[in-house]
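So that you can tell them apart, the chains are marked A, B and C in the order they are listed, and the count of residues begins at 1 in each.
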């Protein structure tokens, strides 16, 4: 069932480095700090980063086609603020959640359409999307809106005990998304088409694959995942605030890159991305344990991203040379 | 099953890009079941346009295409493929990041329970590759294999999509002899199964080795269709270049400069590039036009790139005016007095969105350095001077270069380099895709420059043109120089023989 | 006739027309008070002066971005660079950084500019040498830069007490606000650089066709490195103006979301975001247009939060009009309607 290909290729090298890095960081934490080494620490990585996992998985789809989406952080913020606003107005949660998810999909479709049909640069379109959604947040409210809805509270606070640790209900949403994404990318025509486009768009076109449809859809998936991440984030914080999650798009993209996704497209995996998120979670945890300024996390992640991109570049330029 | 022997028939095909540029004029073509049919012609003869029309990439202006007796009008390669016409291009059009098996089956994967059945894909792919006598691991990434194997995978994919017509567009230019053999076996196998194959190539050897029928095009016109066995090599060359054999033999003597040896400008000693040219020895003198002849991928352009400092010289020495130099960038080469008109005018030559004036002064400005700006007035003077001298047809020097015709764009690039006052001018396919009139003008400019003492390297696929321009010709094959002829020794036949490699093939690649 | 086409063909022509339109609109809705200027203590005050003073940061950034966009790149780290330069300058003046210089304002400014240059050079290095896509390369600094600024100020909002430093934003020379002179100086320098040397030509050639440019002997990677460095320095100056204005360094909010404004200003100025032809004066006009829109929005009483949304829509509209695919699609639609 498993395809044992891609040996000694870029993603495998990165993925190995990533896995080793994760273990190393975890070991480092365990040695340095008391009470670090526990199931609870590990599970908390999921509890605290469920929303980031969802968003990163979404953006992985776009990156695989060779595109980029930097609107996701704002989409998350918008989803939180808008849900909080609607809930405060007394709209029921079973209307709010589908509604915000639908808005996410529509935003993605709109951006994808402009990128694909009018050949606009993905970064400009999604940058505009980023400001559009962030602007809408402030239009709705510049203050933080608390969420008091019973359903939200229920999902936010309930958890399953597991040994010394616990898993919140909303973590399962992230797990479902991971499994769905793995299935989609590996066992459906749509998923394989994404890889083909990332490998060589012109070839994909000549082989008769639905390039246009696929490219628009990946942006819809990315925005949908961002909206879903927003829903999960509102479970996590029980509030909506227009300035939350600034810079999260970099976290999501670097998760994907650290997890072995090539920014030029065609190579990468959802599982790798997930490990990428967990690494960021561990860095965050270590920074907390070390009692450092939380901004260190951002700087460390940016540095890590840099290193991984440079490694990617080095490997790919070496293979290019080797081929000539 | 339809047993009509004629698979494809094209009649009265005309394709005009504009009123002046007629790519195909009333061309016909016929492909039968179980036939390997060579489509031949020099560059610009219309081979690729014909293929593009057939596969729906380009729209024809008039003419009829019928497939198994029924008229068809494919609007995209995809539609052509659905009808049963598959194309394998020179550059492999597959996805390098996917496995071999997946490349064969993507878009039509076997499914089980709604999901892609990877076992079935891998097993079927393995069987298919065995049919083509290829024992490779189909689960490995496509780009872990050589171009030849990628080519075979592309053919396997095309033939497996129950194609009835397979078009091979220059598939062999990057293959080794052994790989070519394998490809030919495959082609014969497919022929025996009743497939019709259109084979476009530059290699005459291969035409005689594998094809049944030959159709020749010249300057967008149909010349004729012949049984391969009944057309001699020399006759074929005659058809392609538009002269009968008898004419060739007493053809006007090539343009030969007085045989005085000019002073040496540059000297290549055992120059080897990374994965390209090997052990190249060559000298370039003032006042001569040195031709580099050979087929695509023989190392012509690669040699030029080495001399111009685009690619690094791995081994060996490049001496300019007796001194050993190492060119680290194109600017170094420019400063050493070298100029280079690249082969691909559009991507490497013109800067389309800038004006004629700016394009002309660009290299001179780079040579002078950033701080030493050429003033607007000087620039206009230089531009006007070359517009007049080279007869560039443009309303003003402010016209954007992308709005000029191909020939005038080429002249602009030529002007750009002449403005730097070079001692060596390298021209890579300077007349490709250019109308006959401008072509002749450019050829004249080149020979005049040499007369005035400039060293010129001239690269062209058209032997006719080489004969007219060059006083010395180096013939390359497979990244090596195999011969050098000059003066009265230069003749169409000699060059042809060396390039074709037929009779005088001392060692087989 | 020829003269008219020459004027309308000038890249800054349409931006200036738009600007005039906005100004006239403002004059009408304010009943003329928009144009009023008062001289108080030999200093000029008035709406227009406000626009220019508040728009000075954006104008500086748009100069830098014009250069970057002309090469076909982009720089979304300018906001963070502003934060860093403000943080550096304020930390030095308040004596928490480089304590040896005793809070010397000029040293502080110099080091802040150097920091900006370093930020830009870092971007330039990633783009030209490592060959990372500009958007990703500069996004790294966009996010990490604020962190770095936070680390410089140790996570606090640093306030400074220095009249010399305040002068950068609030000072007056010959009755005109000092930032105006900074912009004027930067504009002059950039025009000298692009018009009096061949730098401008090389930029346009690189942006149009970097392959061909390399073949003609232009050092494309050097050019790219240089433009990112310029953009970094200009962003650092803008950061100084900003922090002098709030009399301190606020790493979280300095230059927040200004990146899109700057790109938008350049786009309004008519420089293609795909690289090639550029005009710095036109970008400056674009920046003034943006600033006047903001002022207008306040004047007509629309909630200011909506500005961000309007700008995002504007960017897309401008991009659509630069897209050939969009133009042909629209043309086809028009034609069909005409036929019907």
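Convention: a contact is a pair of C-beta atoms (placed from the backbone, for glycine too) under 8 Å apart; a residue touches a chain by one contact, two chains touch by 3 or more.
Keep in mind the model is a prediction, meaning the values are calculated, not measured.
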item: Category of the chain touch graph - line, ring, star, complete, other; value: complete
item: Most extensive contact between chains (C-beta pair count); value: A-C
item: Length of the line joining the C-alpha centres of chain B and chain C, rounded to whole Å; value: 47
item: Between chain B and chain A, distance of the C-alpha-averaged centres to the nearest whole Å; value: 45
item: Centroid spacing, where centroids are CA-atom means, of chain A and chain C in whole angstrom; value: 31
item: Chain A-facing residues of chain B, complex; value: 77-78, 81-82, 92-99, 102, 106-107, 109, 115-116, 118-119, 122, 139-141, 144, 157, 274-276
item: Touch list for chain B against partner chain C, complex; value: 310, 329-331, 333-334, 340, 342, 347-354, 358, 361-363, 365-374, 416
item: Chain C - residues contacting chain A, complex; value: 74, 76, 126, 130-133, 135-136, 139-144, 146-148, 150-151, 154-155, 256-257, 259-260, 263, 273-274, 303, 305-313, 315-316, 319-320, 323-326, 329
item: Interface residues, chain A side, partner chain C - complex; value: 68, 70, 114, 117-121, 123-125, 127-132, 134-136, 138-139, 142, 246-247, 249-251, 253, 263, 293, 295-299, 301-303, 305-306, 309-310, 313
item: Chain B-facing residues of chain C, complex; value: 196-199, 201-202, 204-205, 208-209, 211-219, 276-277
